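Both of the next two complexes hold chain A, though its partner changes from chain B to chain C.
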Partner chain A sequence: MFSLPVLSQVLINGLSLGAIYILVALGFTLLFGIMRVVNFAHGAFAMLGGYALYYLYGVYKVPYPVAILGGALLVATVSLALERLVFRWFYHKMFQSMIALMGLNMALVYTCVMIWDVSERSLPAAAEGILDLGGVLLPADRLVIMGIAIVVLAAFWLFVTHTRHGLAMRAAALDVEIAASQGVNTGFIYKLAFFIAIFMTALAGGLYAQTYALSPFMGERPLMVAFIVVILGGMGSVSGAALGGLLLGFAESFLSTFYGASVSAFVSFGVVIALLVFRPWGLLGKPE
Partner chain B sequence: MFGKTKAKAVTFIAAMTLMAGAGAQEQLKIGGIGPLSGGGTAWGLALQRGVQMAIDKVNAEGGLKVGDKTYTPSLVMYDDKYTSAGGRLAADRLVNAENVKFIIGPIGSPSVLAAVGVTTPAKVVVLSNGFSNAILKNDAKAPYNFRALVSTVEFGPPMVKWFREHYPDVKKVALVAPNDAVGQSVVPQLETYYKANGFEVWTELYDRGTKEFTPLMTRMMAQGVDALDLNSNAPGEAALLLKQARQTGFKKPIWQIGGPSVDEIMEIGGPLAEGFVSLNVFDFSEPVAQDFLKTYRAKYGDGVLNAQTPVWYNAAATLFEAMRRAGSTDVTAVRDALEKLDGYETELFGPMHWGGTADYGVAHQMLLKFWMVQVKDGKQASLGALMPEQR
Partner chain C sequence: MTDTRKPAAVRLRWIAAAAMAVLAVLWPLLSANTFYVTLGTMVVLSMIGASSLNLIIRTGHISLAHAAFMGVAAYVCVLLQIHLQWAFVPAMLAGCVASGLLGLLLGPVVLRLTGKYFVLVTFLLGEIIRMVFLEWRSLTGGANGIENMPPVPSFIDTPLSFYYFSLFVAVLSIGIVWRILCSETGRAIDAVREADRIAECSGIPVIRLKVAMFALACALVGLQGALQVYLVRGIDPSGFSMEVSLGMVVMNVLGGMYYLIGPLLGAAFMVALPELLRGYVELQQVIFGITLIVVMAALPGGIIDLAAMLRRAGARALGRSGS
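Right, the complex of A and B next:
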């Protein structure tokens, strides 16, 4: 069982899983980090990203790079209306935001049920085939996801560390009043952060739907994954989301392969509970 | 002049008498319970439409003639949301508010078990579908409930034998199933059937809702299994298991003693579903199915036609036949007539039988033939029909 081919496959599976988990968690942690909003509608935005990709790539046959970016942009742009109508009232109101956004999640999901019914749909893969790396197999579609995860993480890191808006976003996250007194247009920065968070969530949702299946209820799992990843990495920490995603991906791959699915779930959640007891701010988060 | 008026009067009186006669046809409410919202909607619609089609047919023939009365059956359908609470509420409303004496459905063990808690004391005949043995095997000996679709206990043994004959090189079969009431009851049953036919079995249970199976598939392949049985997995999960098994490099046979979920597996698995073998409860390519298909398309359009639809049509048609033979709509008389329908030649499935005495202690399990199917060139191809054992 602990042979080199199996261990190599475990490593590749872990990387591929970690990439999906990082993408799913990024938008969630960004909204919390800057606006202190626990986005329970995260899964619904991921699901909308799935439907956007389904139409653009699956139905209208738009070239894949345009479809995946265009779909996420479309969802993020339309969602700005929800930022104005719903989200804006709950910035820095953590508990109220949970309940309100849970309601928003249900409203979005059941609107989609009425429009598209509950059937699971499949999206065509971005790349067919399976790469054989010396006996270790890697599906081409997973390679695409890993590539996109690296590009998105790098682009977001560059934006936050090397641009004026990124600097303003970090300032607003640290102390919104002081940032405003220094001339930062916090209203605009919040809208920008919301737009980027929903863009990344919809992008992740598109990839998630493509990897698994698309339905109005597909957002439940990404929401749970996002929660685990950001608790592991630290709520609001982007580098924490990256670390948490990779850790969860590798842990699930290793434990499920060698000890079974039940042990994997038991240990993963056990670690999260232990972390909440001994280091509630997560691995890379900061204590309040 | 007077003669014309008299003739008109006679015609009028005759017409009124005929209308009064037509009005004398009694209404017969048939209860329907099934999921019309949530994940099981496709199955609930199959039940609703199948039963409605059987009712339409009877009414088009002038009504249901039972003894010296003619009834006009109508369907009173309730949504149980595929839940236990929904099943109980629907049964309660049908029995106590609608005064229904015959119910088709529910679908799914939790809803069926909750519904029969209401219908058995009220002496209401139920033709349902759920895989739990407790639906028929209970202290009350299921006096009024019948199962209209075959479960693992019925289709499992003939299918395992079929696989033994058609895949002689397969020695070890993997059973991967959800870790819940369904998986925990179905996997041990199948394990027994496989071992009785000389197979080795490797089992693994996972949490319901899991979407990522690649680590589990890597684990499975390291066990040296020769075939994967998707058994009791829901259609979406079965499809992902197949897709990810193939993506992890599993090239050996994949089949499913369960489901049926062939359409969903072809939809989600795409070309990776090629060669997949499973059962289906109906074969729409059979000549006998063509009239049924035409009627369905005329009434419900070109949408997806679930294979359970003809099975529920058959359940309602069989119930009507029992009423005709009983010569009455008295519940106990109809129940007794239903029990005596063994060998009855159904319109779509050929002869039906009752079984279940050996497994449940009561012969209330309807035995209908089912079909072995394989995905070939992206389509479902029939490999022939099998009949469950009558025990």
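Right, the complex of A and C next:
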């Protein structure tokens, strides 16, 4: 059972799942860290990204890189309207944001049910073929997914660490009032952070829809993943989200291949609960 | 709560309470259509869950696992009747004891967390319990649940009698919560919620109080679970999901978290509204979601806030300072 071809498959699956999870969790943790909103509608944005990719890539046959990035940009741009209408009222109000965004989640999901029906659709794969590297079989579509995720994450890291706006975002995440008094345009930073967060989530949603299936309820799993990863890594911690995403991706890939999906779910929930009880700030967060 | 209100306001509250009581008792007689009686029963049962959750919320913890505890009690009640031939009322009480014990067991572990961490841990806890319902097929019937429900006991086999029994149970349960919240314990609960370290310095056993309230709330919600499965004629894990827990939290927040009347109003609103929009299932969810957003943005204290706002507006219009 634990042979090299199987293990390498598990490793590749774990990496590609982990990459998707990191993208989802990063969006979530960005919204929490900077605006202190708990985005219960996060899964819905991922789902919208999946539908965007479905139309751009599956129906209109736009070339894949353009489709995936363009779809995510589209969802992020349209969501700016939602930022203005909904999110804006709940910044720094953690608790009211939870309930209101749950409401937003319901509104979005059921609007999509009305527009498209509840049946599941599948998206065409990103690439055909399997690479053979000395006995280790690597499906090309997984590699493409990993590649895109890594590129986006690297771009995000560069943005946050090497640009002025990234620096402003980090300052706003630490203390928004002092950042404002230092001249940071917090209104703009909020919109920027929101745009980036939704972009990454929609991108992840597209990749997720390709790996699994697309339906209006697709977003429930990514939402739970976002919670788990963010708890594992620490709320508001970007490196924590990265670490948490990788851990969860590997654990899930390993456990569900060898022991089944329910064992994998039990174990990951159990570990997270244990972590919350003993170390609620996560592996890389800061105790409050 | 000590009565610092003017005598007229107190009298108004008693009149309002009496009016509600009269409405509750006369409700099934207002229409020959059993749909409204069943709707009333659903509202009354939801009030049990929402008011018991209010006990936990008053200690400062938002629990997303409440429906899961409801499910524990419901499954225990049904299984005792099927496998051990227990009668309905003892089985219902045993179910409540079971969920209360589980709350007592898990309480000390999870209640040490506060704020968002508590919400997250109860979110996951609720999901784990629901997955146990789903996976333990031999006991619970898995996703299909238990379809051969034990027969409804004869004293509640008509919609009318079921309604009055549910009303009776609800009044009992809400009464327990009310008496606790109005007593010294209630003051201690408020103190713990607002500043638990200071409360501890004043001698209040914070963790013990929180665990006691948590366990009691989990036991009380079992009453709703045991009765609700008869109303819907079946028991399966989907009735105890996070969405249901969330519904109960919303009933509290929507109605007003820090007054007992809040969850009661919220329950009536949340159960009645979708039923009135029947036939447009998706649209009702969308409208519901939008309503949540609007209420949270405009009335952060819940619908109760509306009453306060109206009172202030009324006083201003009449040229008096606020009451």
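List of remarks:
We adopt the following convention: the second predicted complex is superposed on the first by the 269 of 288 C-alpha atoms of A that agree within 3 Å, B and C clash if a C-alpha of one lies under 4 Å from a C-alpha of the other, contacts with A are read in each partner's own complex, and residues count from 1 in each chain.
Criterion: contacts are C-beta pairs under 8 Å (C-beta built on N, C-alpha and C of every residue); 3 or more make two chains touch, one makes a residue touch a chain.
Just so it is clear, the model here is predicted, and its values are computed rather than measured.
Within the superposed three-chain model, A:A180 lies out of touch with both chain B and chain C [touch as defined at top]. After overlaying the two complexes on the shared chain, residue contacts for A:Q96 are found with chain C alone; chain B is out of touch. Using the contact criterion defined above for the overlaid structures, shared-chain residue A:A107 touches chain C, although it does not reach chain B. Of the two partner chains placed by the overlay, only chain B lies in contact with A:E252; chain C stays clear of it.
Residue contacts after overlaying the shared chain place A:L69 against neither chain B nor chain C.
Of the two partner chains, neither chain B nor chain C is touched by A:V267. In the superposition on chain A, A:S122 makes contact with chain B only, not with chain C. Of the two partner chains, chain B is the only one touched by A:L137; chain C is not. 262, 265 are the residues of chain A that lie in the contact sets of both chain B and chain C, per the superposition on chain A. Contact residues on chain A toward chain C in their complex (touch as defined above): 38, 86, 89-90, 93-96, 98-100, 102-111, 113-114, 224, 227-228, 231, 235, 262, 265-266, 269-270, 272-273, 276-277, 280.
By the touch rule above, chain C contacts chain A in their complex via residues 62, 109-110, 112-113, 115-117, 119-121, 123-125, 127-128, 131, 135, 246, 249-250, 253, 282-283, 285-286, 288-293, 296-297, 300.
Residues of chain A that touch chain B in their complex: 1, 3, 6, 9-10, 13, 16-17, 20, 117-122, 124-125, 130, 137, 139, 142, 212-213, 215, 217, 220-221, 252-258, 260-262, 264-265.
By the touch criterion stated above, chain B contacts chain A in their complex at residues 37-39, 41-42, 179, 204-207, 209-212, 214-216, 218-219, 222, 235-236, 239-240, 247-249, 264, 267-268, 270, 304.
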